[in-house]
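For reference, chains read A, B, C, D, E and F in written order, and residue numbers begin at 1 within each chain.
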Amino acid sequence: MSDERPAALYPVLYEDFVRRALQEDLGRAGDLTSDATLPPGTRAEAMLVARAAGRIAGLPVALAAFTLLDPSIAIEVFAEDGEDVEPNSVLAVVRGAARSILSAERTALNILGQLSGVATATRVLSDLASAHGARIVCTRKTTPGMRTLEKYAVRCGGGHNHRFGLDDAILIKDNHRALAGGLRPAVLRARQVAGHLVKIEVEVENLEQLQEAIDLAVDVVLLDNMPLDLLRESVVLAKGKCLTEASGGINPKSAAAIAATGVDMMSVGYLTHSAPALDVALDVVEG
Amino acid sequence: MSDERPAALYPVLYEDFVRRALQEDLGRAGDLTSDATLPPGTRAEAMLVARAAGRIAGLPVALAAFTLLDPSIAIEVFAEDGEDVEPNSVLAVVRGAARSILSAERTALNILGQLSGVATATRVLSDLASAHGARIVCTRKTTPGMRTLEKYAVRCGGGHNHRFGLDDAILIKDNHRALAGGLRPAVLRARQVAGHLVKIEVEVENLEQLQEAIDLAVDVVLLDNMPLDLLRESVVLAKGKCLTEASGGINPKSAAAIAATGVDMMSVGYLTHSAPALDVALDVVEG
Amino acid sequence: MSDERPAALYPVLYEDFVRRALQEDLGRAGDLTSDATLPPGTRAEAMLVARAAGRIAGLPVALAAFTLLDPSIAIEVFAEDGEDVEPNSVLAVVRGAARSILSAERTALNILGQLSGVATATRVLSDLASAHGARIVCTRKTTPGMRTLEKYAVRCGGGHNHRFGLDDAILIKDNHRALAGGLRPAVLRARQVAGHLVKIEVEVENLEQLQEAIDLAVDVVLLDNMPLDLLRESVVLAKGKCLTEASGGINPKSAAAIAATGVDMMSVGYLTHSAPALDVALDVVEG
Amino acid sequence: MSDERPAALYPVLYEDFVRRALQEDLGRAGDLTSDATLPPGTRAEAMLVARAAGRIAGLPVALAAFTLLDPSIAIEVFAEDGEDVEPNSVLAVVRGAARSILSAERTALNILGQLSGVATATRVLSDLASAHGARIVCTRKTTPGMRTLEKYAVRCGGGHNHRFGLDDAILIKDNHRALAGGLRPAVLRARQVAGHLVKIEVEVENLEQLQEAIDLAVDVVLLDNMPLDLLRESVVLAKGKCLTEASGGINPKSAAAIAATGVDMMSVGYLTHSAPALDVALDVVEG
Amino acid sequence: MSDERPAALYPVLYEDFVRRALQEDLGRAGDLTSDATLPPGTRAEAMLVARAAGRIAGLPVALAAFTLLDPSIAIEVFAEDGEDVEPNSVLAVVRGAARSILSAERTALNILGQLSGVATATRVLSDLASAHGARIVCTRKTTPGMRTLEKYAVRCGGGHNHRFGLDDAILIKDNHRALAGGLRPAVLRARQVAGHLVKIEVEVENLEQLQEAIDLAVDVVLLDNMPLDLLRESVVLAKGKCLTEASGGINPKSAAAIAATGVDMMSVGYLTHSAPALDVALDVVEG
Amino acid sequence: MSDERPAALYPVLYEDFVRRALQEDLGRAGDLTSDATLPPGTRAEAMLVARAAGRIAGLPVALAAFTLLDPSIAIEVFAEDGEDVEPNSVLAVVRGAARSILSAERTALNILGQLSGVATATRVLSDLASAHGARIVCTRKTTPGMRTLEKYAVRCGGGHNHRFGLDDAILIKDNHRALAGGLRPAVLRARQVAGHLVKIEVEVENLEQLQEAIDLAVDVVLLDNMPLDLLRESVVLAKGKCLTEASGGINPKSAAAIAATGVDMMSVGYLTHSAPALDVALDVVEG
């Protein structure tokens, strides 16, 4: 997918995260086992392997665990973020001090497994949705401390990003509507206050609310937990007036049918809060 | 479970984590939507609710999202960590400035959902294992940056903790064995170097390796990916000589049978890397 | 301006900044002068005063310097962010240990002076622009480390915020156009990649480029350094198709004329990189 | 000014500052525009240019924005801190990945513009003052978080540094005098407590206070907001007994006359709190 | 010593240090022993006791370990920094959750023991020196990360502070002299570059160097490792021209004789790098 | 001691510590003296020398002070951690910019002196103890912020490590015993709660308590402040049942006799809280 590479992910955005992960695993005393059992000077070569099929994400982040621990480790890379791999694919080979390699192993695997798990789950849904011209988008239901990386993994999986946080778009939900005294005052006030590059999305639960949102010329409507026929009606009503985003109950079984309603986007929380990790491992090459 | 309360979790161990999570969601501009749509001075009352049944973990951590954002928010707590709840249970009620409550909502839910997901998955397995006198233990396959909290959630779920990191026990795996020139030199060297409070565990794959480990008087053996009959034989062989830990392929379907082999512990990676989040939500109480 | 209050500015977004500022001033040895000259136990009352007329911004941030240094300091507040004050207005009164008050003084004044300077400069231009229905917007030309606060100060001054960073909207400038091989491929690719809540703005220098941008249905055009008549023509051309933002050479002398061209927004870098600080001081009340 | 190079400015004193500035601009999602519009692999060459005449300061700090973001960027430097440049001078050329260069651009420019603005303003006053043998010195009225860098920029501009913080010298102001029960007890106590390398400066407002300070053998007197004739009388009185520092109302118009009174130093707050940024830009070299 | 209280030590200068110390001791899992053995809800009362005679320093810093861990702990204080105590003196009583008290115990004791050790060693020398009118001053030979606190402890012990770092005074040593091409160019250049509040001290080894330094009108001379008679001659030579500081070989046995030579100051590295900790303990009060 | 190398000490575990130490010494203005007196471009060569005999620890950490300040400094290393050196041994030679070398000097020396002081004190006791087959172990009485490094230094000195913190083993002291209602409930509860890799040690003061601990099958007993004959009796009683650790009053004079009682371990607090620093210096090589 060289032509579809997800966005640049500068180390300045993840190195602190990787360092903290290494420190969390090394603790105060370091790797007791490797230090105690491996003779000093022992060198090793090890393969980073995907045990299961999946979509890779976060490989440079994971490999940074090795080089941030020991800059003398040499790495050969055989896969790239956004790539689909078969079971037992070798993603990279690391060579250097055996102690360093084994001490960084778990940190690297935890990062790669979690992010590739997000990408793999995204890819499954994305394939189903894109067949109908719909986009899979993520939510803010991410692992605390990993939003940048998990949103990146969603892109690696072929999905698109929803808001990165509370501050890059306006999304008026039912609570805001209720507390603001209705949708109209909420939207009018938002438009007055917000910057000119801030889009406004509104959560709606029925056609009446949808019509009100359309009348207020919002940019996007979030169709919350609607049955398929209501989704279809909503899409017809909104066509050409605002983008439509389906939300709620989207999974591999339901995705195709929901996409077929014609919605522009389908937002899925479980990609980032419940997707299982991809099974990855580090195999030391026998001498 | 007041008498079985998991260990004290001091704020000094998690407040930085919660602050970073809030900052990650607020970004540079804060909560555009709440700021724009809610009239200043609007107050709200909201219920923190478990939508599904599960075991609660991390409730004080999640609630800290509200009070670290706005110390004037008042909280009434109706559940405690380690407690099992029914669907739609009210876990806490928060009262205060509507903007503050909505701005902290997602951070609180992400923390509570993830940790309660870990506890809930642990509890399921723990119930199956404890019927046979076995313990469920976690691994180091945790979310980077959340090891302290996820290991705590495992305890809330009725599980026990394996190593917290590379530095609090020695676990000699196949790679160490191979690179050290055999198990004997590895264990002897470890015993010479390690502190007197450090236990030694050894990964074995067959009865021959198990016997070698027993002869070396190690504290624990990790029986890696063994079929049930081999597990049973191993338990017999190790009885009274060292603790036994089964590893690999442990899930709700296989757990009872594995526990019935008589192993002392069963270690499970998916508790912390792949357990789905518990579905939790914040419901604003209508005026 | 109670009804027009700028957005909530949670302490979690600025306390680290204030603490660092205090530490920067206290250094390693603390306030040598106050410690040496003031008898222990000396108490003081002091007024935070605006020496010149201006628009206040950052008062809670500045006052946090006192309470973060010494929580026992009591504060009475007489002004609020976004308020216009006359020369010698008392903004707040602080009471407590004399050493603490004098040790926090400079940090508090530096913060308040700088942010109120931004707000005051913004207000002058904003008054001129709003007479013609135009908005003043800021840029990313902010003081490193103070973007959240300076953008907030712009809002206090009656201005609106442009992008907070590189990641909350797309702004295609001449360099991007040139390196991407033209505006069309740049916009098409941006639309394909960007999330559905991301707006696209394009910098144009002449009517030809403007027409191209309009044809591509971008959300906003940045009219870069155009003379007044060209601005007027651009506004006519873009009317109803996209928002228009004038940029370059906007100052108190030129602002009214530029606003009169009918542009929607006028972006001004000097608000945040060159506005003089507002003159504020701390006057100890004589016993 | 190779022979007058300002002090070494080690990266350990500014790299955290630059990293925070980059993170502040990149946010959670990075540079949406460059990532979306520039084909991967696009390379660029760009010139860092001073649009206006001025005194350069902070060039290595600004350039660190490029290399901390992407170590593979190559930089050729054509100017050095403390150097005066003409409009359109090329200060440096950067070559490398186009995305990286454009993503670091604003951070680099904000740093360089602000620090060179301080140096340029300092130089103007310094030239006026030095003609009469007086030194321009800065104050503690600096941008929070930038004291080390702004004080360095003052030196680049030919000025000298006053205190860096509350802890490297004693400066007894009117508030200390009042709260300590007079100047004599304040100075005596300061001398008893302070370390032997700590100088004592005293703020005075009239000849009587000046004489009292001289009698107490202080190192420096700060002549606060005195008219020219009073300054002259003060200089005569203090000659050979202590250094004299004029303060208040010093600007390009008044500086020469104040310097001509014979004071040793003139302290100026606006150098660091109100000097306009130098206009600097990054010009991509067309292929 | 209520009238001689050392300088204010604001929490903003030491709370991060205490938090890091707590985190260092609690690790990832917290206090296994207290959590496991103490029934939840157990309360305790404990006395912070000095087992040996000494001078107290850092008591508020040590007590912060309790309150930063658990704000509900109540503390009654019976001693203050700078006070001399007899063996078995009760310095404070803490009351609250038994787990919290025992979990913070070691951190509090480590801080108090180390700082009081510095103060106690300082006091011994200071008593000897002050009998001859000399001051004991510390050096930069401090524990990394504790300079602010150890310098404060020196003041608590009756000593005075030398430089806090490389940046608050100029101290020209033999290496500088050699590399600068002699003392004269070094001092002349320093005077030209340094701020007006920066004193200049010069290290000299013989009378010739001393005379050269006096001729250059430096503020202080450091008499390095001189025998007693040479110290006496140096004091005579420097009298009325600059302050004199003896350095090298100063300990409780030699201090009185060195002080009797008439030097103004005696600097002692071992106060901060080798003084033994004061023996302090926490005694739980039996019910 | 190439074959006995202490454990790997990864930079990720100490670089932040060294950076903070450098920043602590450089302050806000850097090295005034070197900057002012040394002509730009001056280069120097300097030897890191042990003035006294001792055991080296922390050399790579100390040398990192030079390279973290200025990566262009070249270093040649002549000693390694864990090595015994004679007085005036050259440990390393550093070459590069004179300013950089002198600016990092004190930070490097403070680190090396303190850690080698710990190692040297450990080695003395360790030689005495090992003659009788006993191990010297450290305690948690370490310098706040330096536990990882000081524990490492103990290993360099030939000692072994006790607990690194409250969370890597259980040590039931008299306070726990009293508050838990006796040793039996404390141990039983600890065994139920603790992970399977956590050992249990119990502090005992007499033979009765010892027998109780043995009956509970604890792993280690800490024999607190026992006279020699009681130690001997305890060793006999515990032989083959649990490890024995003597504690209290262990110093170079008493160590051999205590070791001769047959205890397995002797724990010594003063190694890390009161050992004097090793005298190390940096000698600039004259041209």
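Keep in mind that, in the parts below, contacts are C-beta pairs under 8 Å (C-beta built on N, C-alpha and C of every residue); 3 or more make two chains touch, one makes a residue touch a chain.
From a predicted model like this one, the values you see are computed outputs, not experimental measurements.
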- Between chain A and its twin chain F, rotation from the CA superposition, multiple of 5 degrees: 120
- Message: Going by the touch criterion at the top, tell me which pair is linked by more C-beta contacts: A-B or B-F.
- Response: A-B
- For chain D and chain F, what's the span in angstrom between their mean Cα positions? 44
- Taking each chain's centre as the mean of its CA atoms, chain A sits from chain C at a distance in Å of 33
- Whole-angstrom distance, CA centroid of chain C to CA centroid of chain F, is 51
- Message: If I count partner chains per residue in chain A, which residues reach a count of at least 2?
- Response: 7, 24, 26-32, 34-36, 103, 147, 161, 164-165, 167-169, 193-194, 198
- Query: Line, ring, star, complete or other: which describes how these chains touch one another?
  - Reply: complete
- Message: Give the list of chain B residues in touch with chain D in this complex.
- Response: 24, 27-28
- Hey, which residues of chain B end up touching chain F in the complex? 7, 135, 137, 160-164, 167-169, 193-199, 201, 219-220, 243, 245, 264-265
- Which of the residues in chain F come into contact with chain E in the complex? 17-18, 20-21, 24-39, 42, 44, 98, 102-103, 106-107, 109-111, 113-114, 117, 140-147, 164-173, 175-176, 178-180, 185-186, 189-190, 193-194, 198, 270, 273-277, 284, 286
- Message: Looking at the complex, which residues from chain F come into contact with chain A?
- Response: 2-3, 5, 7-10, 12-13, 147-148, 151, 161, 164-165, 168
- Listed in rising order, chain A residues that touch chain F in their complex are 19, 22-23, 26-32, 34-36, 40, 68-70, 99-100, 103
